[in-house]
Amino acid sequence: AYSGDAELIVFDWAGYEDPEFYVDFTEKHGDAPTFAFFSDEEEAFQKLRAGFKADAAHPCSQSVPKWMEAGLLAPIDTSRITEWDNLEPGFRDIKAYWKDGKPYFVPVDWGNTAMTYNTELLKPEDVQSLKAFADPKHAGRVSIGDSVDDAYALAFLATGVNDWTNVTDAQIDAASDFLRQVHQNLRAYWSSGSELAQMMQSGEVYLAWAWNETFATMSAEGHPIAMKRDTDEGSSSWVCGYSKLADAPGSEDKFYDFVNAWLAPRTADYIVSAWGYGHSNAKAMDKMNVEDLAAVGLETSDNLRAGTLWQAPTSPEVRERLIADFEKIKAGF
Amino acid sequence: MVFLYAPVVLLPIFAFNSSTIIAFPLNGFTTEWFGVLWTTEALHNAVRNSMLVSVSTAIISTVLGLFAARAVARYTFPFQRGIMGLVMLPLVLPEIIIAVSLLIVLIQLGLSLSLWTVVLGHVLICTPFSIAVLSSAFRGLDPSMEEASFDLGETHWGTFRRVTFPLVMPGVISSLLITFTISLDEFIIAFFLTGTEVTLPVYIWSQLRFPAKLPSIMALGTILLALTVVLLILAEFFRRRSATRRGLDASTTEGLI
Amino acid sequence: MLDTEKPHARTIIDLDGVTKSFGSVQALKGITATIREGEFFSLLGPSGCGKTTLLRMIAGFEDPTTGTITIDDKPMAGIAANHRPTNMVFQSYAIFPHLSVADNVGYGLKKRRLPKAEYKREVEQALEMVDLGGYGPRAAHTLSGGQRQRVALARALIMKPKVVLLDEPLSALDKKLRDQMQLELRQLQRSVGITFILVTHDQEEALIMSDRIAVMFDGQIEQLATPEELYRRPVNQRVASFIGVMNFLGAQATGSTDTHVSLDVQALGKIDIPRSGLPKGMKPEDIHRVGVRPEMMTILIDGAPSAERIVEGEVTETSYYGDMTYYSVRLNSLETPVTISMRNTAGRAVLRPGETARVGFATDSIIVFR
Amino acid sequence: MLDTEKPHARTIIDLDGVTKSFGSVQALKGITATIREGEFFSLLGPSGCGKTTLLRMIAGFEDPTTGTITIDDKPMAGIAANHRPTNMVFQSYAIFPHLSVADNVGYGLKKRRLPKAEYKREVEQALEMVDLGGYGPRAAHTLSGGQRQRVALARALIMKPKVVLLDEPLSALDKKLRDQMQLELRQLQRSVGITFILVTHDQEEALIMSDRIAVMFDGQIEQLATPEELYRRPVNQRVASFIGVMNFLGAQATGSTDTHVSLDVQALGKIDIPRSGLPKGMKPEDIHRVGVRPEMMTILIDGAPSAERIVEGEVTETSYYGDMTYYSVRLNSLETPVTISMRNTAGRAVLRPGETARVGFATDSIIVFR
Amino acid sequence: MVVTFSFWTQNYLDLDTTITLANYREAWTDPLYRELMLRSLRISLIVTVVTVLLAFPIAYHVSFHVHQRKALWLFLITVPFWTSYLLRVFLWKVILGYNGVLNSALLGLGLIDEPLSFILYNANAVVITLAHAWAPFAILPIFVALERIDRSLLEAAKDLGDGPVRSFFRVTLPLAMPGVVAATIIVLIPTVGDYITPRLVGGTEGLMISNMIQVQFGKANNAPLGAALAVSSMFIVGGISLLIFFATRNIGRGGAD
């Protein structure tokens, strides 16, 4: 068996078992929690629905309402979260994560999806607008992620929609049309950072709609890669965090200890410097050195907020429509 | 053969490349990934779990395959075709469906998830392969061998142990090889049916989102490969030695499928 | 073996109305026979007549559909093969290829948990019995056909069974080796005194080796007798032509007395035979055919002793067998030639096709059929 | 077949100093022989003597290590099997299981691109030649062993080869079928007039079927002769005991004249033989052994004609073969008994082991060996 | 279970268990699904053909030209597949990529002036990767069939005037057919159901039906439609397999006797 605290089972992405993320917890209890891993939120959802039991899970923005609806999540007692008030309100107060006045989600890590490009192969004027993705000039050298949310974030931004929580059918059609054009240009839909990095390093792809991670790791290794978030249309942000699972078999105290450990400023420092992602503890982020943040593509949250499409949850109907459209587009329709 | 090994020969190259990105040009030489590998406890657990699952799966499904193949080869029973069709069904069904259904069944039975539930799932998909391989081994077996043993006073079980099993050994070996290979690389069923103990493929796949550890997995693959080669050389060495000791030509003792 | 009939030995196997059906195929249609202790008994018949099926039922690999099998006074119904006092030598020998010669021979002994030394001694003894002393450590697959057969035999004999069953053990061997093994098998059976039941479709093999032979056709025993009786007094044409070569000629009874029957035989003319030569229950008017063995006729060479009867014919073909020559001769211009065998004794001249032969035969060598 | 020697036919195959080594095994040690057009030639010898190897070299499946093979006056070096005027009938028949009988037979014709009608006619003709007319559409796997062999033969004959090669085509058949196929094969060869080369280890088969036989041992031809010559004048003990049964007795020359040699023979005593009976190049003092065939001796029954010489002995064993009985007789208390065969002619009484036999033989039936 | 599922409907997270054929109507009439289905079939048929074409020479080589230690060879064939599938896919991308091994080699040889881009992120790449992944499972049955061919049949063909090529097509191939059919079915069925490879190397045109099934089960919250698609594709694949099986049965008959 995986050696860990038997009273707290965390259902997480692999890699997040990194002990630096929850140092306080380990110090307090003498042992790390027990981890179970997943590779895809949908699969995780199916597994939980089928009856898999754990205490904490690590979903990202879009999934949370669905998980709530399915009765998988339990409400959070905010009084037991020491840093609750210091959390970035843009994430903390998203309506969809609340029900009956209680939140069901503690935001923890966040990142951008933004225009990322090869500075040797593209000039700054090439990447001024997100419309570049649909420009036939770049045919075959472009990549976006194989994710409905990222794809429609791009499409809505490019068609002038900044908030997708209340989109009309016409707006959706316009976005889908844009994606159809992008589809013609694409080399591939990337499904993992490694894959994208591979394509960008070889020069196969020079323009991508990508997460911070790609820019962070590649520029750190000295590759001519830049991330441009202040395009004419802006860029997009997403957030992941911890939720308390309903019918959790383990210790509630340890759940809060674990989340608190995650929210500690030392964790914020670590995730920014070592992983290149943002942390939801706005106070801790503010204290950080601006250059350090800039080096990994994260400037202050104020700057970032302007022109950003927040990947807040949409209504199930809209989301189903987007999914259906996106699959059609991918199939070439 | 070149085609079969094409990806594998690159494995060591990237295991020693200092970049986390798996692409040419190479960055520089490093053994850092082996160090990372050494210190990532979750990975060690995953390897151990995977070995446990694959070896158990290979053994269990080969044993089941043995019984099924023998039954098919020796007896005719009613609905034989129907039953065999049912056993072969997992070959046709998408794995994800098998995985979800199995999980629901297991939970309803009140079983807790563990590596053994993964083994159960893997056995389900590996047994058809095992049956396919073993029934051809049984078809080549002279039925009078078993009768001879029986005639000499052996019981059914004794006959199986002393005669049948050694004679279908080549089939057993290839069945073990195939089921081991399938189980070692399977992750959908492994993902759904595992509890907190992950197998290597599940770990690797869930790592994809933040793939900083990919090179150390390359390093792991390199080590596995090197171990296999060493084992092969050792096995060959011992086989030759024992063959010459028995005064036989090394080539005549060759077991075959 | 004319000298080894044991008519008064006790019965070791008793078959009573044994039948066997496989689905709609009736493989055995009612076999009743007794086999005596210590005899060399053969089941002889063409392919598919049910020999193997009968043997396998005695061994316990199949159950009779009806009828009973009694071995050593115990009814065998419900007793599995591994608990019967019989052991089998398979047609393919079924030598375990993964075991050494010694382990093959000792296979059945292992269960008895003998002390190691005794086990070894027994195996070595059994190997010596079949003339394979010192072959113990050899791998089974390095043996020749004849050696394999002996290993299979040693493996059966070491169990000290009441009955050894052999299913065509020689048919896979070449002629030279077969001749030699026939002799050895017969000698071995005599020296160990165990009952042997041999299945064969080779009539020569059955004749040479057996004390008694059951000739089977179509799931039934047609005749059960000693080799000599079978050869000399076959009960019908089918048996007659299965055992050795037989020339058939049309015949009709023209009259009979208390002691003799007069026949008019194709090509040979009028012949009187003693009434005692008629099989039991046959009336003179039943006779439609007579048979003459090739060796019962002689091609007379000038100056040779004259025979009871002499007929002339044209030689159509000769086959040289070394010690013998077979002549095909058209007697009295009969359409189908008869076969006559002649020993190639010293200085004997040979007739060529086209030449005329004077053929002599003794009238008492004639056998009558329906 | 004594009547079919063709000593003056032209040479179709010439083997000149052919050797073959497989690694360190020398399978053939120098074969020189000629085979005549239209003859039925057999290669006879024990297992492993190199018969198959020689046949496969003629067919072109192996190349000689040294020496040359000439077929139809063309040297064969460098000519592959598919371009040689030979066709083979394989031991296992090698019938293509996926093709019908007709397609099997027509297999080699397909390359010739005949018009469809002609192709069909040829195949049907070939099938009729082997008595399988109308079997064309049957699936190959439904045929019996004998039928398969005939298909294999038709498949070879349809190619109109100069030479048909047969590798033990009959050894897989049971005795009854084998006898019948031997006859058919011989008749077929005579009617088509093509040269047949037959490999066999069955001496009887070789004797019955061949015009000439090459007896091989250890990769060499020991004797090449007609069947009768082989049987009557084997060049050495090895050949003598491979072909039929031979009794050997120790012997020594005690004196010689211009025309005769006097021998002192174990158990038989003083015998004079004509000098012409000595093989070429053999001097009287080379003689150490004589041989007598079983059929050259007779057990004399009271009143039977007397023989040139008579010796007494004790019968130790009898084997009943139906038409014959083999007696083992210890002549003059000699340790190893001699074998004597007697025809079971009408009314002949049989001696039992332990009885005393009067054995007669003709002195000119004796063969001398070194 | 999948079958019953396919007759229901789902509204977001709730299942409506009224029996309906609507899912099937949608699955069979929507051009999207038809296109995906056809594409999947096309790709997996190509994969199957490529895999079998690739496996045959290897199996042939091992069966006919390797005389000693065939088992070792078979073992060596499976060894490359003991590393994670994911790693192999990444390494394939290294080989096929823009400045990958293949392009570099071709450029170095001066055969092309510009990196070829049609070998990765499209159907070709899916074919190559899948063919590689399934090669060992195709090699084994073909090998077994080839081993069973009586070598004297080949000599007979030669003796009757056939050169090596002709005898291969007239004898070897027909007799190896049962193995080829087994290989075909073993490869065809799972490749139709594969959804990972297209996602990883298929680029914009590699999407297949099982990706869609996967999506329906998951994100799109329409498990019944997914089930209907799965059942439909199972039927189609099953039908094709049976067709192949029966079409070739007569050819290969007796080869296994």
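Details
Think of it as A, B, C, D and E in the order they're written, each chain with its own count starting at 1.
Here, a contact is a pair of C-beta atoms (placed from the backbone, for glycine too) under 8 Å apart; a residue touches a chain by one contact, two chains touch by 3 or more.
Molecules present, by chain and UniProt name: B, E = ABC transporter permease; C, D = ABC transporter ATP-binding protein.
Please read these numbers as outputs of a predicted model, since none were measured by experiment.
Touch-path distance (fewest steps) from chain B (ABC transporter permease) to chain D is 2. With contact taken as defined at the outset, chain A and chain D are each touched by E.
For chain pairs B-C and A-E, the one joined by more C-beta pairs in contact is A-E. Chain C and chain E (ABC transporter permease) have centres, each the mean of its CA atoms, that are 59 Å apart. Here the spacing of chain D and chain E (ABC transporter permease), counted between their Cα centres, is 57 Å. One simple way to say how far apart two chains are is to compare their mean CA positions; for chain A and chain B (ABC transporter permease) this gives 37 Å. Look at where the CA atoms of chain C average out and do the same for chain D: the two points lie 26 Å apart. The set of chain D residues touching two or more other chains is empty. Counting partners per residue, chain E (ABC transporter permease) has 90, 93-94, 97, 99-100, 217 as the residues that reach two or more other chains. Contacts with at least two other chains are made by residues 43, 46, 191, 194, 198, 202 of chain A. Remark: the chains found to touch one another pair up as A-B, A-E, B-C, B-E, C-D, D-E. Interface residues of chain A facing chain B (ABC transporter permease) in the complex, by the touch rule stated above, are 1-4, 9, 13-17, 34-39, 43, 46-47, 50-52, 54, 191-194, 197-198, 201-202, 213, 217-218, 221, 275. Across the complex, chain E (ABC transporter permease) meets chain D through its residues 150, 152-153, 155-163, 166, 170-171, 174-175, 177, 251-255, 257. Looking at the complex, you find that chain C touches chain B (ABC transporter permease) at residues 59-61, 80-83, 86-88, 90-92, 94, 96-98, 107-108, 111, 139, 141, 155-156, 159. Against chain E (ABC transporter permease), in their complex, chain A makes its touches with residues 40, 42-43, 45-46, 66, 69-70, 140, 146, 148, 183, 186-189, 191, 194-195, 198-199, 202-204, 316, 320, 323-324, 327-328, 330-333. Across the complex, chain C meets chain D through its residues 1-3, 46-47, 144, 171, 174-176, 201-204, 207-208, 227-228, 231, 243-245, 293-296, 298, 305, 318-324, 341, 343-347, 350, 352-353, 361-362, 364-365.
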